[in-house]
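Below is one structure, written out as structure tokens; comments come after it.
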Amino acid sequence: MQLQLSTWPEVEEYLKISSGIVIPIGSTEQHGPNGLIGTDAICAEAISKGVGDETEALVGPTINVGMALHHTSFPGTVSLRPSTLLALVQDYITFLTKAGFTKFFFINGHGGNMATVKAAFAQTYTHLSELQIPNSDRVQCRLANWFLCSSVRNLAKELYGDREGSHATASEVAVTQFLYPEAIKNVELDAQLPPQDKIYGPDDFRRRHPDGRMGSDPSMATPEHGERFYKAAVKELSQAYREFLQAE
Amino acid sequence: MQLQLSTWPEVEEYLKISSGIVIPIGSTEQHGPNGLIGTDAICAEAISKGVGDETEALVGPTINVGMALHHTSFPGTVSLRPSTLLALVQDYITFLTKAGFTKFFFINGHGGNMATVKAAFAQTYTHLSELQIPNSDRVQCRLANWFLCSSVRNLAKELYGDREGSHATASEVAVTQFLYPEAIKNVELDAQLPPQDKIYGPDDFRRRHPDGRMGSDPSMATPEHGERFYKAAVKELSQAYREFLQAE
Amino acid sequence: MQLQLSTWPEVEEYLKISSGIVIPIGSTEQHGPNGLIGTDAICAEAISKGVGDETEALVGPTINVGMALHHTSFPGTVSLRPSTLLALVQDYITFLTKAGFTKFFFINGHGGNMATVKAAFAQTYTHLSELQIPNSDRVQCRLANWFLCSSVRNLAKELYGDREGSHATASEVAVTQFLYPEAIKNVELDAQLPPQDKIYGPDDFRRRHPDGRMGSDPSMATPEHGERFYKAAVKELSQAYREFLQAE
Amino acid sequence: MQLQLSTWPEVEEYLKISSGIVIPIGSTEQHGPNGLIGTDAICAEAISKGVGDETEALVGPTINVGMALHHTSFPGTVSLRPSTLLALVQDYITFLTKAGFTKFFFINGHGGNMATVKAAFAQTYTHLSELQIPNSDRVQCRLANWFLCSSVRNLAKELYGDREGSHATASEVAVTQFLYPEAIKNVELDAQLPPQDKIYGPDDFRRRHPDGRMGSDPSMATPEHGERFYKAAVKELSQAYREFLQAE
Amino acid sequence: MQLQLSTWPEVEEYLKISSGIVIPIGSTEQHGPNGLIGTDAICAEAISKGVGDETEALVGPTINVGMALHHTSFPGTVSLRPSTLLALVQDYITFLTKAGFTKFFFINGHGGNMATVKAAFAQTYTHLSELQIPNSDRVQCRLANWFLCSSVRNLAKELYGDREGSHATASEVAVTQFLYPEAIKNVELDAQLPPQDKIYGPDDFRRRHPDGRMGSDPSMATPEHGERFYKAAVKELSQAYREFLQAE
Amino acid sequence: MQLQLSTWPEVEEYLKISSGIVIPIGSTEQHGPNGLIGTDAICAEAISKGVGDETEALVGPTINVGMALHHTSFPGTVSLRPSTLLALVQDYITFLTKAGFTKFFFINGHGGNMATVKAAFAQTYTHLSELQIPNSDRVQCRLANWFLCSSVRNLAKELYGDREGSHATASEVAVTQFLYPEAIKNVELDAQLPPQDKIYGPDDFRRRHPDGRMGSDPSMATPEHGERFYKAAVKELSQAYREFLQAE
């Protein structure tokens, strides 16, 4: 059940049965020579909808621009500053809590979001308590990173070994190929694996990773792989969401 | 050309030809008993993609949660505070300007966004100038509201007369029906037109507009109407975008 | 009744009779070769006092610096950033609401303030509700732009036709001449009407409007015109204020 | 020379001769049973204009609402939070510095502003330096409190001895009586001097100072006294302003 | 009793007896050729612990970086912007108030902190009242500057006359020599007293005070002097703290 | 070499040899019935000084209050909100970068700081680049958590097995016992291990962890253990710091 395709009376009904919501969060950032700029948002959104279908969870609108400052020396990247993303996540949770939601399950497609979103959770718990919203002390937020699912990691290891990498990975490119076969790019990649270096500022990032990839060989990706990753993530996160709902 | 489905080298190529970008902005808010919560984001996104197809403009990711504080007494509404949305719009424009974009054409689906987005434009021009980004003094932002297109207003008048209303309007519901026929709701609406009152705070809004509509009769909406609205908006805004690009 | 010339016990008495207050808001910005930098604040203040005399409304202190970022390439302009003005308006309303005011009637002299002030109203309604101030859900804010009064627009059309313009207009210059005859400037204006172009950043603004005017011929202004504009605005806004007080 | 009554070309001329500006800052807050709510703004503005006349300084628009949080339990008080006032002062100085001003002489009428304004000065110096505005490292700000002028303190001691007090003082009430004789209030004051206690939060303040005064007997004030205070302050601050302009 | 060396059950017990806390606040900034960068934090911390021992007060962790923007042109200086320090002080007081503290006694070692900390107190009182924390209207904050103690000033006058100065003073250097004899620096100082000029921006400060001192001759400092200053400050502030606790 | 005990000319000399600095960051929060409230700051500071001695690194002042919102239902906890800590870290790095530092090695004693500090690093890189500080694109920040050192983890496993826990751990309590033997608390702990649950808001945290510990048995801690942990951490982090300095 997608929030965007529902009416408010339908949400009112839903809240009688469940106070959980799935919120996809991705990024709009360079993903190397053949990876889509929307990769992180696309994957998070599709997997969230899969989890929604599987668990009858309500799925909120995708946060499609996240914290990608280190990619901003490549054209096409859009980013929020951490202070902006922190305020945004706090706003989302605050207004949904006022409506009665208490279980927030963010499905994340971008490692760079993790720090800021966790900081936002901490700040929001205190904010809600200061607003004295009923049940605010029962609010629970979870950040579930699809790319860290053990089933996903195992599959990546099996398919790509040490050529999976850590940015513009073969697995995430595969998922986008499965979802948008019409947007598969025919680009020759450097045969040599790019470095998988530390991340500092945006200019430094581009110096270290001239084509944008970090240790990955996304030329190995196929739509069929993508479907397997997608299904593995949906299955594992659906289970995680159910447990989250039931946990005290 | 969608930013989300492009690679950064493709954006680099695009920037050699054009420095314009279309950014859809909507909202996630109650739209009465039969209107979708995502109506404003759905319409802005679809029309933006239409304009992108028509004009070969790059279309950025949709800002799907906007300024909807006055709707937050209805479950399912998500909103940013104006201060958050202001920072968000500034971040979008700033990082895209660094990459070389100078013509920002926001296609908006929600009246409640207008004030904050305009304030954000003003603040961002000065911000860019203070950052001394090259060409920042050539940056131009435009807020184009599809529902205010004269072709759209004329069609709404022709089809619905004074039953179009100003929130959860027949025309916007029609567009979502055209785009998502599977999400058409069978809901009986009160025959009497709801009031079209002033807007103050969220509790006050719900008191005045108990089912969420403002002066509208969206039971008149049909998918066929929606298609006509969609096409009218795409045509008129494509023309507006072309003129915007060429204007000094 | 001016707040600045009252004592707190007098305000306490006033609040037993009325919870309305008029707040003038203007700007401190260039107004072309012969327009006063304080034009917008001067007009808003004088008209507000006129409305206060007519309706026995309490009139608060003038917000004399507003959102004028686009004029900051001309010396003498002072501006708040939108984020500052947003906080300022929120502070004003919050503390006056704590004292018991619920009807805020801002009389505005500057188009550039409109977006930010409206955004501030929206943010403040939610802020007040979160602070749980008694009666905060009854708070209503109105932005009344004197230069958009129909009586004012008609008179400007009658007196100046298409030479009224949109910034440093003949009508607002006339009002300041009526109020401050000692400050009438003898400046020869370019006979040709200046352009009435789009507004972007401050440098761009000065490029397009070298002498600061937008489409106006303020050499047509006279103190006698000014008095007529002043009286028309006071009359129309007094009526609007009375209706605002009585509206539910 | 008042900024509000000048044109931008006049300011451009002025800047060829001087880069100094006088900015009055006051407050809108309770001043006891017979003191005007606008006392601090009224005094600062009048004395600033006097200094402007005496020294041919440009006088900017009055900041008439300041930091008066501790008075907000009395109706009629309006206040900015320190964070808002800090941003406001930074905005004023920043945009005037861009135009070429470097010597900012704030004439202050309210003790409660001092901390925040000084903090704002410090923050602004660094802000200007980070913006790399030409001459920004020559910017100097001074906070001149008229009520702390030695000539004023001596006169108050002579006229009122220990009945001058520290809020709603006899001297400041006298100045407003001189300036606005039509607003002199006939109010019987408690013969016993009110306490002159520490200042904490707003509720605490009202508990300690039930009628709003701190240690003062403003029933001793007369318009004639007011004129003497006004003249003393103008003289002493004119001298201070001249020295400030000449100081390296 | 030091907060850092206590457990939460010990604090719980303490709160049954007292709701007071001493918070040292200093700075990390250049102190001339022979003064320690940590001088202000070191002095404030040691004197606070002395007061804690004397009065059985709980002593919180030292705020060792304060508002030192004007010293940032000298290497080694660290500073918070006033807006950051304001938020920090508000956070400290807010969370300690939630735990039951109501009497906050800041022992300060740096003149540059005074404005911002006082502004923070004012803002926090209103913030606490808006959060509706029980007893928040009983919260009292005091800023006690050890270097302004009359016993300290008298001793400095006696020992150094007009060579005490106002930054990198002989007295504060003496206190650090008493506390850290191993860190006494053997540095030849210019025999001529450095200027004691106005403070503006960081670059200007270094131009006026090339070696960092303001009017001081810290070559006169000795560890023995330091002990006397330390004891004087502890004695005077212990008395001040006791009175603060008992005051209504 | 401690920054607090150095002079600015000494720092100037240091910068000719190294542009690295070690910054300890901890927290002031409950650590169960026998753990010190300052545990995280104490450990981070001592280990940082050890690393400084070992590597001749400059060690900055300790950030002794961090992000501990989830502990604020226990008395004695002080916390910054993430937005405040983010601004604080940005200020520290910005002003030190202006002085010439480029390698920032934060030694952290508190898991709750990690998210916010990482977010602050990302934001600061972009901030520095926007300020156009020379060498700002060479700035590198590292967050080194002493409790995650492999030598520390191995030792904890060896000494405590699964009774180490994750908050108020045996190892960190041991380090404080080594450093402050006079502050060892004789408190009987519940023999049963406390739960090691998820972390949400402050009230929820106290409900789940009534005595403050998470899965730990700090009654096993001894000063001798503490010394071993301390030495292991200093050794491992000294090596890490050296590599960090040399890394490109």
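Order of writing sets the chain letters: A, B, C, D, E and F. Residues in each chain are counted from 1.
Keep this in mind: a residue touches a chain if its C-beta (ideal position, glycine included) is under 8 Å from a C-beta of that chain, and two chains touch if they have at least 3 such contacts.
All of these numbers come straight from a predicted model, not from anything done at the bench.
Asker: Name the chain pair with more contacting C-beta pairs, choosing from A-B and B-C.
Answerer: More contacting C-beta pairs are found at A-B.
Asker: Matching over half of the contact pairs by residue number, can you pick out the copy of the C-D interface from B-C, D-E or A-B?
Answerer: A-B
Asker: What is the distance in Å between the mean C-alpha positions of chain A and chain E?
Answerer: Chain centroid spacing, chain A to chain E, equals 46 Å.
Asker: I'd like to verify one number: the distance from the centre of chain E to the centre of chain F, where each centre is the average of its C-alpha atoms, in whole angstrom.
Answerer: 24
Asker: Between chain A and chain F, what is the gap in Å from one C-alpha centre to the other?
Answerer: Result: the chain centres lie 29 Å from each other.
Asker: Counting only residues that touch at least two other chains, what does the list for chain D look like?
Answerer: 72, 81, 83, 132
Asker: Beginning the circuit at chain B and going via chain C, which chains come one after another?
Answerer: Traversing the ring with chain B first and chain C second gives B, C, D, E, F, A.
Asker: Under the definition above, what is the set of chain E residues touching chain F in their complex?
Answerer: Contacts found on chain E: 2-12, 15, 28, 30-38, 41-42, 60-62, 64-65, 72, 74-81, 83-84, 87-88, 91-92, 95-96, 98-100, 180, 183, 185, 187, 212.
Asker: With touch defined as at the start, can you tell me which chain A residues reach chain F in the complex?
Answerer: 67, 69-70, 72, 81-83, 86, 112, 114-116, 118-120, 122-123, 125-126, 128-129, 136-141, 198, 200-204, 247
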